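Heads up, there are several structures right after this.
Presented sequentially are two complexes of subunit A, the first with subunit B as partner and the second with subunit C.
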Partner chain A sequence: MVGAFDFAAAVPLLPFASFVVAILAGYFTPRLLPKGGAIPGIIATGGSLLLSGWLLVTVSGTATFNEEIYTWTTGMAGETFDLSFGILIDPLSSYMLVIVALISFLVHVFSLGYMNDEGETGLPRYYAGLGLFSFSMLAFVMASNILMAFMFFELVGLCSWLLIGFWFREPGPPSAAKKAFLVTRFGDYFFLIGVVAIFATFGTGLFAPRGDELGFPQLAADVLAGEAVPVVSNFLGTIGLGAETWFAIMGLLVLGGVIGKSAQFPLHTWLPDAMEGPTPVSALIHAATMVAAGVYLIMRMFGFYAQLPRVLALIALVGGFTALFAASIALVKREIKQVLAYSTISQYGYMMLALGAGGYVAATFHLMTHAIFKALLFLGAGSVIIAMHHNENMWDMGGLKDKMPVTYYTFLSGSLALAGIFPFAGFWSKDEVLYEALIHGLNDPIILLAYAMGLVAVLFTGFYTFRMVILTFHGEARTETAEDPHGVRWNVKFPLVVLGILAATVGFVNMAPVKELTGMDITYLHHWFENGIHEVTLGEYHHLLEEVAGYHAADLAPFLPAALSLGLALLGAGLAWILYSGPEPTAHTDKLGSIKTLLYNNYYQDEYQVWLAEGVTMPIARVADKFDQGIIDGVVNAISSIALFSGSRIRRLQTGRVTNYAAMLTLGLVVIVLVVALVGGWF
Partner chain B sequence: MMIEALLVVTVASAVAVMFADEEIAGRLAFGLSLLPLAGSLLMLLGFDGSGNALLGGNIAYETQVDWISLGDITVGYHVGVDGISIALLVLTTVLMSLAILSAWTPIDERQSQFYGLMLFMEASLIGVFTALDFLAWFVAWEFVLVPMYFLIAIWGGPRRKYAAIKFFVYTNVASLVMFIGFIALVFGLGDSITSLGLPEIAQALHAGQLGSLAGIAPETLKAVAFVAMFAGFAVKVPLVPFHTWLPDAHVEAPTPVSVILAGVLLKMGTYAMLRFNFTMLPDQAVAFAIPIAIFAVISVIYGAMLALAQQDLKRIVAYSSISSMGYVLLGLVAYNLYGLGGATFQMVAHGLISGLMFMSVGVIYNVAHTRMVGDLSGIADRMPLTATIFTAAAFGYMGLPLMAGFAGELYIFLGGMQSTVLPGAQLFTAVAMFGIVIVAGYLLLAMQRVLFGPFDADTDHEIVPAAVTDRVSIVVLLLLVILLGTAPDLIYGIIQDAVQPILTIGGGF
Partner chain C sequence: MVVETQYYVLLSAAMFSIGVFGLLTRRNALRFLMSVELMLNAANVNLVAFSTQWGNITGQTFSLFVLALAAAEVAVGIGIILVLFRSFRDVDVTEPATMRW
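So, the complex of A and B:
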């Protein structure tokens, strides 16, 4: 029977087709390409969305799919392993596919308003980039092994480079694109070592068992449980390391890629610069594609990480720290997109915190709610930027509330979700993240520290979110543009309304604290992840966390922690309201003095990284070049000049005069006689 | 008879083009170069060899004719291909046709001689990759230098004489060192061989028939021969510190010649290392594993750092070739299936990608008449297709998945990580892999400055879209790179089959 799984490959291939159409038609017959490629893109991502929905429904009937579809490299039987592409559709990937397809579809629609209506040139290139981006991300999500995941992870990086640098005629975007690719490449360097190490160790890169073949997380579990796995023990013998140590090293290596893509400290610096790209691209990058790829990777191989307590603790610490660190920078930013950029870094920090604390469901939940509200906020910001004729400074806005009500109310919905205000989506998910961190943190001081940082970040989040809302939409218009904003059309409003409704409501799928109050068990997401391929389900993860990693949850009711974080969020929002409401708000952050300068300059993180690249690496390269041309090539040339010089001297002997030759002959004869005499001992 | 047909047709074409009219030389050469291309593709399609040509495998398209006897040794003509050589043979014919096509725009004087020499070079390269008799192989190996010397010395840039002589002398001295090393082995084998056939010599060495020579014990003789041959080939690859001829040669050579130089000539070095050092003397390859790995890692990292310091696009690509060839050596020294197979695959992949990269630089140079990074800015605006292909080529060079370079590098890294022969292989591999970050650094920086940003060109020439032939050649090459990246099995299967016997017969390392 033909089912949804037969069409699984079409989910990424449809956007790929739109990429090909946009490239070819854009080059040969641009006039025949409807809306510069937007229409094929919308049709393709719409198709992907429908198919993903179908897959989700199929998976909800507890069916799963894990098959190889293409052998990329055939190894030699008995000697090496194959490298192949495969599709893994289970509760996690089908859930993520819907998120990615939805956001990409809405971003395509929104682009009609942001790019086409604004009369941009190079539209086929833009839509080709979006198509390739969606393709890469969707293929990454359904990858059944870590090599395929890496390959599409890299392609996602390429697409971000293409789209961040879309306005290539200006100096800023190409530079930002380069930085984004380079910083994430630095992380991917570690990831690739990790991928290669996983294959070398386990002989497979599968995430989940396929037929009789076990995936690498399961093999790792067997090894740690003391079972004999010859492939692994041979390799461990070669390198001379214990299983636990080596697995932890591999976990850390892969984590390098995650930290780069998900913009965690210290590799977060590329993300704020990436705002140079068109705003719909920012929405796509931040909500559902590039940045999400990092944390998704940890979720995909959570069975592996769940066995590595020290790595988990580090993930939690990085996450908690990043959440706080980025939120503090967002407090003082002037441009609306900069605030959103740092809030993205901060929110992904929460997901890392949840994963590190063992809160798998919390992390996936926050990934979804964040995807929706952050896409909404970026698209809302895009709408504002259209209205403001591409001025992004919030201090030039004000009073837009009455002039663009659809944007305002949807943006408000997204902001309430971001700040984590009851009952918007972000409240439920962020609350669960913090709850998981707390109950595991009570048994582990590192996670408790991470929790504490995440909790303070809630206060900051409430503050910067409402500072942004108030400065943008409330008060009086502070410039002429803000008084008479440019209108937006349905293609901008439609995505905003869809996302605005979702941002208010999706949180209801998983309301853990409600159980305590009413006795109703509304934790659909928990149940969702309990099904699927046994080895990659919630039950197995909890088992591994408790048995192998030694994670134990403290017994604590969810209500009080929830009230605490909601209280902090409200406090932050209230502070912002007090400080910035009114017709003529003042820049209160200036009163922070040097702290503001420090925050405004992002703790000088960019400076030291640029210094590493330009102040350290480049001079070393130039010294190497001097050394190469002076010393190494100098030696080569010196040897050849000695040869030429001695050649030219010896040539002088060939004078052509018979007397000289006679003299040479005589001299030669005397020398020979002398040598023979000396050796023969005549004297 | 296929190989003889290839050789005869190519030489005849070369002669015909030499004496052809200036106006038609380019078109004639391209048309005639399609013959060996078609021939080699037919050979690939009909390839029925298996195993390694030197180790008793089933050699495809084999011909063996005895020529003269020198004492006990019969010297003859012996050609044939296995999975390793057919891959490089096809690389040669493909790149040569495209290089000739890309020469139409830049080469405007003494055309018939130029194209004639290119075809002569093709014939000698075919000889290098198909010869199975040492003397025939060595003649072809040396003969490659002759057309190359003239191609650089006549059609090159301002310092062409210096670069050509440096190239010729350097590689020739290296050939001499290598020759001495190999001949020492031949004398050491003494009566146990009856010809200079490479398979016979390889198998005699494996059978332990090497005797002592002039009082030198067989083990020492092996080590000395290994080092001499390695040093000789290292100049060709080139490995740091024997690399300084390469940037000079590349900068001075006209672009189509650079394409062949980087795309095929450098592979002669690693091909010969694989055939001689790693196939004939596997125990020495294992004994010298650590120093070789150090050479490999230094070439990768140091070459990439040098590329970072350059301002001339061609110099950037030249130094990055040194870096990429270091990976090939790493694969060889890993000495397992993915390592050796990956090294061979990388030779083909890097041949295509470096050819593409040089051609793209050449296309820009043909229009702008400058290659300096500081002279050009934002030319993507005026040459959109070229900029697109340049970008794709650069990402291919960075090892973007689904392009050929990624497959080659991945196999090498897998081999390196799994190696049981090289002590500390995991660490060597991890350090060498850092090259993938540096390569992204210098190529992205160069692209940002040359292709993007506000348009500006410090040149007297107008920046307009490139000639159609230039665009066709880079598009075709790009498609090949993508094809091999999405379906590496097209050639990896036969390569793997040909390198596998090296591991088993070589003493079971």
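So, the complex of A and C:
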């Protein structure tokens, strides 16, 4: 029978086809390409969305799929391993596929309004980039082994470079694109070493068991449980490290890639610069593709991390700190997209916090709600930017509420979700993140610290979100463009409405506090992740967290923490309302004193990283260059100069006169005969 | 009457030495060619002489090949000499000295 799994490979391949169409047709017959490639892209991502939905339905019937598709390097039997592409469809990947396909579909539609209607040039290149981006992310999501995941992880990075630098004729975007590429590459370098280490240690890169082949998280669990796994114990014997230490090192190496891609401190600096790209691309990067890839990787191999309590604590700490740190920068930004960029960093910090605290469901839940409301906010910001003729400064806006009601109400829905106001999506997911962090933090001071930072960040989030909403939409128009904004068409409004409705409602899939209150069994997301391949389900993760990592949840009702975070969010929002509402809001940043300068300069993160590059790496590179040029090349050049010099002398034997050559031949013959005679003892 | 092989060898050595002498002392390209012919044929004499001594036809057959080869070599040599003459109005082999590094 033909089932959804037979078409699983088509989910990423459809956007790939649209990429090929856009790039070939765009090059050879641009006139035949409808809307500069938008139509093939919309059809392809729409198809992907339908197929993902079908996969989701199939997986909900507790079916899973984990097969090898293509082996591209066959190892020596018994000694090495094969390298292959495979597809893993389980509750996690099918769930993520739907999110990614939905966001990229809506972004394609929105691009019609943002790019086509604005008369941009180079559209086939743009849509080819979007297609390749969607393809890479979808293939990354369904990767069944870590090497394939790494390859598509890199491809995602490449696509972000292509799209952030789309307007490559201006000075800003190419530099931002390079920065994004280099900073994430820095993290990916560690990830690459981690991939090699995983293959060397376990002899497999599978995430989940396939047939009787175990994946590497399961092998790690066996080793830590004291079972004999010859491959692993041989390797550990060779390097002379204990299993726990080595696994933690591998976990940290992979985490390097995650921190780079998911823009966590200290590798977050690329993300605000990435705002130089077209706004739909920002939506795609932040909501579904690039940045989500890092967090998704941890979720995918959560069975591995769940056994490493120290790494988990570090993840929680990095996440909590990033959440607070980025939120504080967002407080003072003037450009609407900059506020959103820092809020993305902050929200991904929450996901890391949840994962570090062992809240797997909370993290996946927040990943979904964030994907929806952040895509919505970016697309809303894009709509505002169209209306404002590409002016992004919020202080030039104001009063857009009545002129663009669809954008306003959907944007408001996204903002309420971002700030975590009841009952919008972000409330449920952020509350669950913080709740998980708290109940585990009561037994672990590091996680408690991370929780505290996350909690303060809630206040900041409420403040910057509503500062943004009020400055953009309320009050009176502060410039002429804001008085007479450019209208937007259905292709902008349609994605906004879809996402606006989802942002308000999608939180209902997992209302943990309501379950506690009423006793109704409505935490659907929890049940969703309990099914699937046993070794990569919630039950197994809980087991590992409690047995191996020693995580224990404190018994605490969720109402008080929920009320606390809601109260803080409302306090932040209320503060923003007090400070900025009214027809002519004034800037209050001067009251911050010297902190203002610090925040405006993003805590000098760029400066110190540039200093690291120029003040530390450059001198070391110069010394290395001297060594290379002077000593290594010097030896080689000296040897060759000997040959050159002796050659220039010896060649004088060649006179060009035939008689001399004949004489030399004869002389040589005589010498040979004499030598043979002497050695042979003829005399 | 049978001539002893050593006389043939002596003859061959003499021919070869005359050839080498000519090669080293003469400047005329035609004489050069003749000297080379002498040296080749010295080898031929050896081949035929030893072939007769051992009653083995291989050496004589081989000398036929050497003759054919020598003819070819002369053709090439004469061609070179013609070119030489055209360029220098002379057939002195010490004249062209620029074909080197």
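Basically, the second predicted complex is superposed on the first by the 613 of 683 C-alpha atoms of A that agree within 3 Å, B and C clash if a C-alpha of one lies under 4 Å from a C-alpha of the other, contacts with A are read in each partner's own complex, and residues count from 1 in each chain.
Here, contacts are C-beta pairs under 8 Å (C-beta built on N, C-alpha and C of every residue); 3 or more make two chains touch, one makes a residue touch a chain.
Bear in mind the structure is a predicted one, so any value in this text is a computation, not a measurement.
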| item | value |
| --- | --- |
| Contacts of A:76 with subunit B and subunit C, given as first, second, both or neither | first |
| Comparison of subunit B and subunit C by subunit A residues contacted | B |
| Which of subunit B and subunit C A:235 touches, first, second, both or neither | first |
| Touching partner for A:518 - first (subunit B), second (subunit C), both, neither | neither |
| Touching partner for A:581 - first (subunit B), second (subunit C), both, neither | neither |
| Which superposed partner A:601 touches (first subunit B, second subunit C, both, neither) | neither |
| Contacts of A:663 with subunit B and subunit C, given as first, second, both or neither | second |
| Subunit A residues contacted in one complex by subunit B, in the other by subunit C | none |
| Residues of subunit B that touch subunit A when the two form their complex | 166, 169-170, 240-241, 243-245, 302, 305-306, 308-310, 337-338, 378, 380-381, 385, 395, 398, 400-402, 406-407, 410-411, 413-414, 416-418, 420, 426, 429-430, 433-434, 436-437, 440-441, 444-445, 447-448, 451-455, 486-489, 492-493, 496-497, 500 |
| List of subunit A residues in touch with subunit B within their complex | 27, 71-76, 79-80, 83, 147, 150-152, 154-155, 158, 161, 165, 168-171, 173-175, 177-178, 181-182, 185-186, 189, 192-193, 196-197, 199-200, 235, 238-239, 613, 617-618, 620-622, 624-625, 628-629, 632-633, 636, 640 |
| Subunit A - residues contacting subunit C, complex | 651, 654-659, 662-663, 666 |
| For the subunit C and subunit A complex, residues of the former touching the latter | 20, 23-24, 27, 32, 93-94, 96-101 |
